[in-house]
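Next up is a structure, given as structure tokens.
So that you can tell them apart, the chains are marked A, B, C and D in the order they are listed, and the count of residues begins at 1 in each.
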Amino acid sequence: MTTLRVAMIGYGFMGAAHSQGWRTAPRVFDLPAEPDMAVIVGRNAQAVNEAARKWGWAEAATDWRDVIAREDIDVVDIVTPGDSHAEIAIAALETGKHVLCEKPLANTVAEAEAMAEAAERAAARGLRAMVGFTYRRVPAVTLMRNLIAEGAVGTVRQVRASYRQDWLVDPDMPLAWRLQKEHAGSGALGDIGAHAIDLAQFVTGLTLRTVSGVIETIVKERPLLESGAGLSGTAGAGFGKVTVDDIAIFTGRFESGALASFEASRFATGRKNALQIEVSGDKGALAFDLEDLNSVQFYDRTASPDRQGFRKILVTEPEHPYLSGWWPAGHMLGYEHGFSHQVKDLVEGIANGAHPQPTFADGLQVQQVLEAVERSSDNDSAWTRVAAGVPAPAV
Amino acid sequence: MTTLRVAMIGYGFMGAAHSQGWRTAPRVFDLPAEPDMAVIVGRNAQAVNEAARKWGWAEAATDWRDVIAREDIDVVDIVTPGDSHAEIAIAALETGKHVLCEKPLANTVAEAEAMAEAAERAAARGLRAMVGFTYRRVPAVTLMRNLIAEGAVGTVRQVRASYRQDWLVDPDMPLAWRLQKEHAGSGALGDIGAHAIDLAQFVTGLTLRTVSGVIETIVKERPLLESGAGLSGTAGAGFGKVTVDDIAIFTGRFESGALASFEASRFATGRKNALQIEVSGDKGALAFDLEDLNSVQFYDRTASPDRQGFRKILVTEPEHPYLSGWWPAGHMLGYEHGFSHQVKDLVEGIANGAHPQPTFADGLQVQQVLEAVERSSDNDSAWTRVAAGVPAPAV
Amino acid sequence: MTTLRVAMIGYGFMGAAHSQGWRTAPRVFDLPAEPDMAVIVGRNAQAVNEAARKWGWAEAATDWRDVIAREDIDVVDIVTPGDSHAEIAIAALETGKHVLCEKPLANTVAEAEAMAEAAERAAARGLRAMVGFTYRRVPAVTLMRNLIAEGAVGTVRQVRASYRQDWLVDPDMPLAWRLQKEHAGSGALGDIGAHAIDLAQFVTGLTLRTVSGVIETIVKERPLLESGAGLSGTAGAGFGKVTVDDIAIFTGRFESGALASFEASRFATGRKNALQIEVSGDKGALAFDLEDLNSVQFYDRTASPDRQGFRKILVTEPEHPYLSGWWPAGHMLGYEHGFSHQVKDLVEGIANGAHPQPTFADGLQVQQVLEAVERSSDNDSAWTRVAAGVPAPAV
Amino acid sequence: MTTLRVAMIGYGFMGAAHSQGWRTAPRVFDLPAEPDMAVIVGRNAQAVNEAARKWGWAEAATDWRDVIAREDIDVVDIVTPGDSHAEIAIAALETGKHVLCEKPLANTVAEAEAMAEAAERAAARGLRAMVGFTYRRVPAVTLMRNLIAEGAVGTVRQVRASYRQDWLVDPDMPLAWRLQKEHAGSGALGDIGAHAIDLAQFVTGLTLRTVSGVIETIVKERPLLESGAGLSGTAGAGFGKVTVDDIAIFTGRFESGALASFEASRFATGRKNALQIEVSGDKGALAFDLEDLNSVQFYDRTASPDRQGFRKILVTEPEHPYLSGWWPAGHMLGYEHGFSHQVKDLVEGIANGAHPQPTFADGLQVQQVLEAVERSSDNDSAWTRVAAGVPAPAV
């Protein structure tokens, strides 16, 4: 069997999750090629060596440019912070590697555009470029998309989507880099709102055309980290300014005319990872909650009036997406299973000549929605057009 | 329109609930006769006068024998403790009154038999005798029965029923009369287990033939009430013996051969009024929980394999039982609505010549199940036959 | 005991609910005065006579002006459509009656202002004027307000409120008067969004200062009713134009600066009466759902980190608001209980000299929020200031 | 770091789950020794080679006796059907290997006793013997045990446990080996009831002393598999007799006197993997459901009366058992994570000199409870004493 030699750039929390995907997917699914966890790359030699040992990468390296130049690498998996995505991804594509890039695709629309264009050029040479919106690959979410495509809800009338966490509720939580725009690019909007946007479009098959909304920083100053030298804050001694948003509330309109409401918050006390989406149509409705990720709620308006109700489909049957490789019915999957599904789809895309979704063009389009929300917020919440994107490679 | 003049004997908590039923039913439903809350009866003149005023009865009286002898009374509604049910009900039937008797029908099988026989004799004279298992008339429960009768779950394979409360968890709760066998007849078994038994038989249409189980008193002594003179306790100063059960766990077998598990407990910490029942069949399943009384959960095994799941039917649609008289869809009913439905069914039965369910024969049969459980518990949980009952009046 | 003679103007669905409140409250609570259901008023003599008989009003009348002029009437309860509220309420206050007016207070801000001013003048003469946002009186909602007032959630950081129904999903649902602006005033926004606004302000004790949002009609034409003569529709034969909104999505900002998201929809397939609100603070969170109206969810951030979670408080304990008059713990209340609580609070307010909440000034303020949302929607969702109100009568 | 060379005997569904545990645990936790997936053993050479490739075992072998004799093997992991557990485990312990044996420990009490005795002898030589009740290692279950040990529920008053599946509801499901006593040993009772028993004892720290119950086969004959040669069925052509139970309902009594109700069923339509347990004490209650495995419900009776309720603790915080190795708060775990936790605890036990729980003595004791239930069922559900066990090795 063909081997796909993988280099992963970055080694934070996402590195652990991606490693789990590369390690597990071939042990669960019958893949058309065998991924080889060849090399992990990070700037700190000691830390990256430790990560290689812990996560099972054969080699560690400190210079990503060297690594992507190597002939024996087939796939580059990028899990660094967003500000380096564009440079690495474009270079990797240009040196002939397939690329998997963690979301958000980039910190700016300009970078994302450059990446999508690079991906389009690379597609001509048979390369794949995929962005890591792994929640699409939670089986319940994929089922939701399939059911909608089969007409289970009829015409989509409205969508309600939110992603709520609470890790910033405590005002003493320090000013980490994720709370600074120059490093993180965005706050709740880009980090978790992006997932809500991607899911709303993915499950419905509809595209957002205009948005109106507001983003806001609730706790405006936070204690500096001890290692906070170089932080941009200019506030009172020991405190620095939070420069990304804590909460984003916005409304979107699809090209079909249907409205969708969105909320992303890191201040939703008691909500740990509550990515929720509900799609209402003229024949039925579907609802999903990431905190209950093995199920989807389905309401069928075509049932007898005295028997209608939201049914909780436990998405663990062999008939359900991705489930054939896992456990018997009723045995739950968790968060990281999506990363194995991502590897499966990417490897199959590479082997079978299809472009796995979501493409860089899809990632760019989400970025454009985010940017339109920011512009709307700056403009008294005026309705703002989402910029035109780049065509995705023909599938 | 005909008027039905009602006398209610008793004025405890159940008196309040029955009064609400008599007062409300004619204001919500189009009844074939108009109930008139004529007289309320209790031994304490002051208290019963106050109850009459509070609940809206036209008259108060202290001697139930006088009242049931009156020619201007059509219906006698008995809400006294169980030890007086038989005497009052039989006398009332013999003087030509229709009778509604709160459950349990009686404290002993012998009394219940005498009552069922009296009801059978009275039926020949056109009288109705109904026992107050009002939970049958929660719309979700009636719907459950209807769906099973329509074949929605196919052949019943097993039943799981329980009724759990927690008001005795505190060992300092005093030794009220409800905890003494001579007054209450039974504890958790007869008070709440009886509801679980009645529902299991009602919704499935099946009859329990044999049982095996155990009943037990968890806290064996409790503080005497200050007004505890005359209590039977002989325990240490200030404490008396609890002479009824706190918990009952038993298994029953229907005449079809299917097994049913039962639990009744007043020690289920945190469960306030958790009457739960689940019926599993070869085509589907239905589940109900009294703490969520406006819905029933339905699982349809005949649906497509990837779309099966328990659906929560909100039982508030006009197509649902009893709902046409109430509010628009989605507007919830509560505990006491069952008492209005009971009045509706009784009044319709009187007017239309049908015997409203459950009859005294049904009440006797539940009593016989309870008694079989007690005998089984006394006999090392040996399987024990439920005694044969009395035929119900032809409907 | 003093008697309060009540006249109710109107006899639609709300008339049934209010009648249930007047009939039941004195039978459940110990009121300082006894309401007397004296007269019900409607234009159609036959229909109002039938309503009087069905609901238990002593008299029926066809001219509300005559009735409010009567010396023997103490309270006027207005349950007509919104376009007649102002005229009746102001006249009733001026003739010296206490007034209970169903929400929305009026169809326009101008009318609502006139009403609030009339109420203020009448307060000087000892009269009460209350608007019927009964959901405040669902015990779980009152508990939520009390817990927030006690500091259970700390400083409110954000609010998420929505009211979703689905009765318009079917495009063949005809063009009833509720879908025409000249009669109904507003659609989802004013009918159900008003409840979400009132609750958000009531439970937090905060006031909305600015809003940004969009309202929209999803199904723009509907079949005319056979009896549709006089409808304003000018669309294709047999169809008329829907002139109110089907969905409203908006964001508000409290005077504290905290954001609140709102959604009101009649197109949320499968949601029957889903008024949901969640309040997130720095010490905890509280959430309520009207489809599960006997409970409130409470998250306590001050608990030990390994023991935190949303707890479902079953609001049926004697310690909970309004519960002392009803049933034992665990026995559920339903939709119409709020109307009994409203009568209780109004009668106590009349007897005890306090102005029961919500006052007409509160009702006007909600109307001003609604009007600001409409203006924002007309103005590209620009942030729009809620107009200043009228001071409430000193309590 | 020390390496632990592992041989796994068997390669069915449990082989996949155990492989996932061996592969993942060292990549997630900092283990004191590094497990090496050395050799997988099965009788069919082709199949076991394929399993080795698929699951990542370095070698495949067909004779378990050869493998356990090898000096380079440290740990033997047994995932074969129950009838071969005793022979393999005892031989492995005698040749000086640590043993992990999948549950049930054995098909008979006699075998389990021999295994527990062998484990006791081996303990003297420093060997570990652990039985695979992995559900103890679902973090929510471990937390439940810890909270009870800390006194969170006070004195345990009653336990309610059940494990319900529905894969036998269809009467056309063929007569697999799992439905034949000579191969499977037991049906619902031993396969899933065993988990309920183990959990009830594990979380409470109490031991069952006597039991009363019934086991039953609901569908008594099933179609023979095409490959059914050698099946024991003697029923009508093409059908064979089911010789294990489909459902078990029993009651147990702990040494403390508290009662526990149990149900195990493969006919609970719509329930896929519903292992549920609720522990009620005088200070609180705890409840768990495997179909919602990332949470536990906690009721604290010591809270203020108006704030009590079951709280859903999302067991994904760093303070929770096993969570430090995984993902951020709110990121769910699934079924197979318990197998990584099992490897962690076994490896730590081997390295640190402690006997990891549950020991073979624990496994034997569960077997004795199962056997007592069977005897009770054969004896008209008479209360039956659980046989005395074998002392566990001193920890």
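FYI, a contact is a pair of C-beta atoms (placed from the backbone, for glycine too) under 8 Å apart; a residue touches a chain by one contact, two chains touch by 3 or more.
Please read all numbers here as calculations on a predicted model, not as lab measurements.
Student: So, comparing C-alpha centroids, which chain is the farthest one from subunit D?
Tutor: C
Student: Between chain pairs B-C and B-D, which one is joined by a greater number of C-beta pairs in contact?
Tutor: More C-beta contacts join the chains of B-D.
Student: Would you mind pulling out the distance in Å between where the CA atoms of subunit A average out and where those of subunit B do?
Tutor: Their C-alpha centroids are separated by 55 Å.
Student: I'd like to verify one number: the distance from the centre of subunit B to the centre of subunit C, where each centre is the average of its C-alpha atoms, in whole angstrom.
Tutor: 36
Student: Just curious, how far off is subunit D from subunit B if you go by their C-alpha centres, in Å?
Tutor: So the centre of subunit B lies 42 Å away from the centre of subunit D.
Student: Quick one: which residues in subunit A touch 2 or more of the other chains?
Tutor: 271, 299, 308-310, 314
Student: Which stretch or stretches of subunit B touch subunit A in the complex?
Tutor: So the residues of subunit B touching subunit A come out as 143, 147, 152, 295, 298-299, 305-314, 317, 319-320.
Student: Of all residues in subunit C, which touch subunit B in the complex?
Tutor: 13, 16-17, 19-20, 23-24, 27, 54-56, 165, 167, 271-274, 290-294, 314, 316, 327-337
Student: Provide the residue numbers of subunit B that touch subunit D in the complex, in ascending order.
Tutor: Residue positions touching the partner: 153, 157-158, 160, 162, 166, 169-171, 212-214, 216, 218, 247, 249, 251, 258-259, 261, 263, 265, 267-271, 278, 280-282, 284-285, 299, 301, 308-310, 380-383.
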